[in-house]
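Worksheet: one structure, shown below.
We call the chains A, B, C, D and E, going by the order they appear; numbering starts again at 1 in every chain.
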Amino acid sequence: WAQDPVKIGLILPMTGQQASTGKQIKAGVDLYIKEHGDTVAGRKIEVILKDDAAVPDNTKRLAQELIVNDKVSVIAGFGVTPAALAAAPLATEGKVIELVMAAGTSIITERSPYIARTSFTLAQSSVPLADWAAKNGIKKVVTMVSDYAPGHDAEKSFSDRFKEAGGEVIEAIRFPLANPDFAPFLQRAADAKPDAIMVFVPSGQGGTFMKQFTERGLDKAGIKVIGPGDVTDDDLLPAMGDAVLGAVTAHFYSADHPSAKNQAYVEAFKKANNFRPNFMSVGGYDGMHLIYEALKKTGGKADGDTLIAAMKGMSWESPRGPISIDPETRDIIQNVYMRKVEKKAGELYNVEFATFEGIKDPVKAAKK
Amino acid sequence: MSQQPPGEEIARRLVARASWQPLEVLFWAAALASIYVLPGRHLILTEIAILGLFALSLDLILGYAGIVSLGQAAFFGFGAYAAGLLAKYDLVTEPLLALIVSGVAAALVGFVTSFLVLRGSDLTRIMVTLGVALVLREIANRYAWLTGGADGLQGVEIKPLFGLYRFDMFGHTAFCYALGVLIVLFLLARRIVHSPFGLSLQSIKGNPVRAAAVGIPVNGRLVAIYTIAAGYAGVAGALLTQTTAFTSLSVLDFERSADLLLVLIIGGTGYLYGGLIGAILFKLMQDYLAALTPQYWPFWIGLLLVAIVLIGRERIMSWTKPIRALARRLDWRRSTTAVAVEGQRP
Amino acid sequence: MLTILFDGIAYGMLLFVLACGLAVTLGLMNFVNLAHGAFAMAGGYCTVILVNRWGIPFLAALPLAFLSTAILGLAFERTLYIHVYRKSHLDQVLFTIGLVFMSVAAVDYVMGSSQVFVQLPSWLEGQINVLGVGIGRYRLLIIIICGLLTLLLQFILARSRFGSRLRAAVDDQRVARGLGINVGGVFALTFAFGSGLAGLGGALGAEILGLDPIFPLKYMIYFLIVVTVGGTSSITGPFLASLLLGVGDVAGKYYMPTLGAFVIYTIMILVLIWRPQGLFARGGAR
Amino acid sequence: MTVMLETIALEKRFGGLVATSNVALKVEKGARHALIGPNGAGKTTLINLLTGVLRPTAGRILLDERDITSLKPHSRVKLGIARTFQINQLFAELTPIETVALAVSERLGCGKNWWRIVGRPSQVTDEVVKILENFRLVDVMNERTAILPYGKQRLLEIAVAVASAPRVLLLDEPAAGVPEDERHMILDIVARLPGDVTVLLIEHDMDLVFQFAKWISVLVNGVLFVEGSPEAIARDERVRQVYLGETGHG
Amino acid sequence: MADLLEIEGLWAGYGEAVVLSDIGFCVPDGQSLALLGRNGTGKTTLINSIVGLTTYKSGSIRLDGRDITRERPERRVAAGVGWSPQERNIFRSLTVEENLTAIARPGAWTVERVFGMFPRLAQRRDNLGSQLSGGEQQMLAIGRALIVNPRIVLLDEPLEGLAPIIVDELLVVLRKVIREEGMSAIVVEQKARKILGFTDRAVILDRGRIVFAGDSAALASDPERLEMHLGVTERKVTPAKPPPFN
């Protein structure tokens, strides 16, 4: 069997609202394979890409087909939380690895013993953000999040921690996931006169939000934007204009991360794709790394139990910095950086200025 | 003209509308055969069967009663959540029974909302049905404690069918189950459309003013068929939940209703098979193209849709003439009845 | 809260510019052009390229966006749409959705799937403060352009002979031709005009709504709502409906953020039950 | 003789226009009654009021002494009012067989039946046969109505009305567009209806009117102008002036 | 007198179906022609073919010496064809006045002149097309045919649905226009006698072919011919009641 390829089913939203997420991850995966070859531990790696358009019942069927017909060893990708959740029972039943490369709700990894994650959880960046905000003179905050699980996660983790640290959340606003005009919500936030607005919008919507924020003149009114890094997504940042200068976010990856590894990564990525990598792409890149290394460790054995065992505790240096897989929760442990939007060589970047090291998912940590 | 006395000829013509055509028999034989012939494709076949049933529900109101709806997902979603909740909280554990309950529940919703679509033009109806589906979606989103909100309904576990057949990962049980339900409901629909009730729907579609002048209670008939169709959609939704043990807000999405409309138009309205054929074509096309180019498959689907319209359904139908001619030759009743009736008006 | 009212009006006006092209094709030509949003998107991307890449001033780019989408619309009309006018509404849906799919994938291929923005001149950014009411400069511009447009449209379509020839052609194409109306020409001109309006809307709306390849799908429902609520028999109908919806939506979100999109859908359903032909339909016209 | 259909102070306004004004019309049981009048006098409007297509602004309608003013159109059909339309109202996609079968099924009360196939019971078939033969529609019975020549469509229009075996038959210009020989056929068919069927005919073809009618009402500008026997109407100078003209009948 | 309209060997129909076979006749300038025939014999199809709305198979149509066989309908109108369709086809969403102004072409016929001929229309000038009585629609259809100021006007059963007094007036006006203004006309009519006194020539169609072409007056005084082609008998009433229906 050593000659058989190891098949990886990559289920991503390649069309629809979340298409940019899919594109980034796919590019990350491709880049990794290009750099590291398509053979590992004597076995060829074969990636089968499927588009679920972020519709969970598509995800479920595609996962099922990949497992049953294509006999994949790993299903990977998952642009949104419901998609990742929908596939979980199949991972358990089929004993295949479900590797989450994007979705960021805390609970996902608890849904099957075969799930591992190389992206992030929203709590991971929201909690350090709350700490930072409390320490930096921000007292009153309005939270604004998209009304779905990751948004709720971000809102809850931030508020809990922020209140603990003595801050005040004067209003919590949730807006629909698909939302054309932020104006009324922003106006409402502004009328509450906070020191800062904590915002979470899914990858891709940050641009509109920031535009309308400045259009309203809130920056001039002295209100800061803080949030998990999605709102100043690297993908969109260059197009957002100078208005976003100074926005402070907490996130695990910035294209500006000042390590040699990252500089090489960004360069190679741009060359291959013509656009800047964002945090989604490293999820895909690191996910492939995790699979490769685990296979090396198992000597090419790719059944679910062996592979997940090999993944647990694995640690390595990623473009984002040092990361590892928590042996208990199979979730990712990583640094979270505080960043501020600045202009470098005429382009906007999230420039890191502080680091919180080795952050575990706070939600799961709190459960113990 | 035939040599028969006109009386007999007329009687025969009336009944011939409802007689089984050889192609129909062939169609269902092929469907049944796929259980054995294509065991590896049962997953997608199940989806096709469900989509086909869903399209059938739209055909009943659109193809026969002339009500355009862009909100069938409302009933589909309602059925889906009903089945999910019934299973999750162990309210009705037998899948078939739960399916029926879900269908009836969706039909009730259909009955209540049917009064909204009695008036207005096509466009109005499109928007009202769409609005109903969107509002329902918002409600499902809002009551996340019950429905799971944007994360989907988790923890649904479907008990074995009749206590015997477990829903396996290969989807064998699921396919047989879905196909069985589809066949039963298809037969029922076929019966309905060939009945005087069905004919009266067609007349309402053609000319409601005249229909009323013939003594047809237009609104009553529309309410009835809308309710039935909602039940069909609900059953389809429930089937989806039961065969995937999962449901999420996407069952109520606008895209679902829109795709459904596409499916039905591709297959053609008003002869019952349109939805089924459309479902087969659309799913296979999508599956094939998405495998070929996961990122840009919508382009090719779009191109196909455009081509279908530009070439024209009649011309496409004429390409299948040889097949139909062949089927007619195979018709065992040909000698006795000389079936010149095309029966179906695609 | 006057700022909210102002925002609502601007949002409504934007909806109107985006949807009025559809009101023209759907309402006056009786053609279900779901690809309307694709023309809006074309206008948007056209502006992005003109302004961001070629450095053409924003205000100069607007008429260019109008023109280029109008020409694009004309080209499509002459080659493709012309074959579909006589088909059933359902076929039109199929056809135009097909075009939407194609446009979405094609733009994704050419321009990438991330959102893009128009780089506005600085004099259009930020707010001015009039008597304590925060007025967004950009939104003010939208209101002005839209107001002028409405007057122009009203004049062209309701008063002129062109308007009645168009409506005659829609009522009965065959007979209109038989009575000497150049149906092809009238339709082509109208269609191009409608597309141009969509393009203008896209150019103006890119800033507020964001521009990405799925734009035509994302906003299709909104366009349709405007047109149905307003009724298809005039231009003032959709105009007033846009304002109603814009203000309703913005105010609803401001005062009851948890109800989200409820407000706009509920308004729509209630209006359509109350007046199936639309709020401002001309009595019994269709 | 008993009055079958009666209107009391019936009025219909369209905005500023009074299309029917204080009309008190009595049609006797079994009558052969014609309604004539200039174009736009309100004849069709009156029929629409009688059948429930339009709601009157004021006044009442009695059928066989029962008030039917607020009944839905289809309920009035159930009570025995059938009509033809001045401008054909047919089912373009159905064939004449289906159209007639539909009307017959509905009358026999099996319209709600969703289980049996159209055409069973055979009583339906028998009637369909009879009607198609009577109206010379057998040769086109399997064509889509949309492509029938105008004259045939006209016949089908009347056949549908007759198929619901009415007690009161309202004919709105039935002969318009029908060639001369078939005009007489229509008249024959109407003549052969059972004697107790009440017929109200609107027609501008005076040959037909005077052959058919035993009683004529003249409507002008929404008002009942004169009524009388055909002879009296033909002689009436005022009717000549507003309607019949100099070469008119008489 | 020169021939205004010349049709030669015309075959036409709808789609695949051929309805008209080998039609040929002429209408001289300033003359009128009665087009007769039973139900479904192709009268409307012939009119529609002259307007340019059928599927053309072969043959030729010339107007004023110019070949218009392949012209589009709107060009034929510009060349001088006016048309009143059998089913009237009033533009529903235009007012009476707009129905006229939308298609008007300069010439002797103006909106006011049409309203002068049909005072009833003048009263209803702001009514939408969908809100007219049958006869009013017919008047408007005729008005539309005239207001394009054609050389030849094609009237497909124009008398249908009009009150007798209006019919009389209309025929008087038409005759005057034809005599004095040199307009030509083709009039389709079911009741041959009504029209034969008015027209100069007559053509009878049967199953898409011409079975008679000649002088109107001659045809009018030839009851056998009328009976043979049109089924017109001088029967007065048919009291010989057959067995009752039902």
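Just so it is clear, contacts are C-beta pairs under 8 Å (C-beta built on N, C-alpha and C of every residue); 3 or more make two chains touch, one makes a residue touch a chain.
Predicted model, so just to flag it, every value in this text is computed and none were measured.
Counting hops only between chains that touch, chain B reaches chain E in a minimum of 2.
Counted as hops between touching chains, the shortest connection from chain C to chain D is 2.
Note: the chain lying farthest from chain C is D, by mean C-alpha position. Per-chain Cα centroids separate chain A from chain E by 76 Å.
Inter-chain spacing, taken between the CA centroids of chain A and chain B, is 39 Å. Spacing of chain C relative to chain E, judged by their CA centroids, is 44 angstrom.
Centres computed as Cα averages put chain A at a distance of 74 Å from chain D. Contacts with at least two other chains are made by residues 131 of chain E.
Residue numbers of chain D whose C-beta contacts span two or more other chains: none are found. Shown for chain A are the residues in touch with two or more other chains, namely 15, 19, 23, 147, 176. The full set of touching chain pairs reads A-B, A-C, B-C, B-D, C-E, D-E.
On chain D, the positions that touch chain E within their shared complex are 14, 37-41, 43-45, 86-87, 130, 134, 147-152, 162, 165, 173, 176-184, 187-189, 191-194, 204-206, 211, 242-249. Contact residues on chain B toward chain C in their complex (touch as defined above): 68, 116, 119-124, 126-128, 130-132, 134-135, 138, 141-142, 254, 258, 261-262, 265-266, 269, 295-299, 301-306, 308-310, 313. Against chain C, the residues of chain A that register as touching in their complex are 15-17, 19-20, 23, 147, 173-176, 178, 180-181, 183-185, 187-188, 191, 204-205, 207-208, 211-212, 214-217, 220, 235-236, 239-241, 243, 274-275.
Across the complex, chain D is touched by residues 14, 38-40, 44, 86-87, 120, 124, 131-136, 138-139, 157, 160-169, 190-192, 230-233, 235-238, 241-246 of chain E. Across the interface of their complex, chain A is touched by residues 40, 43-44, 47, 141, 149-152, 154, 169-171, 240, 244-251, 253, 255, 290-291, 294-295, 297-298 of chain B.
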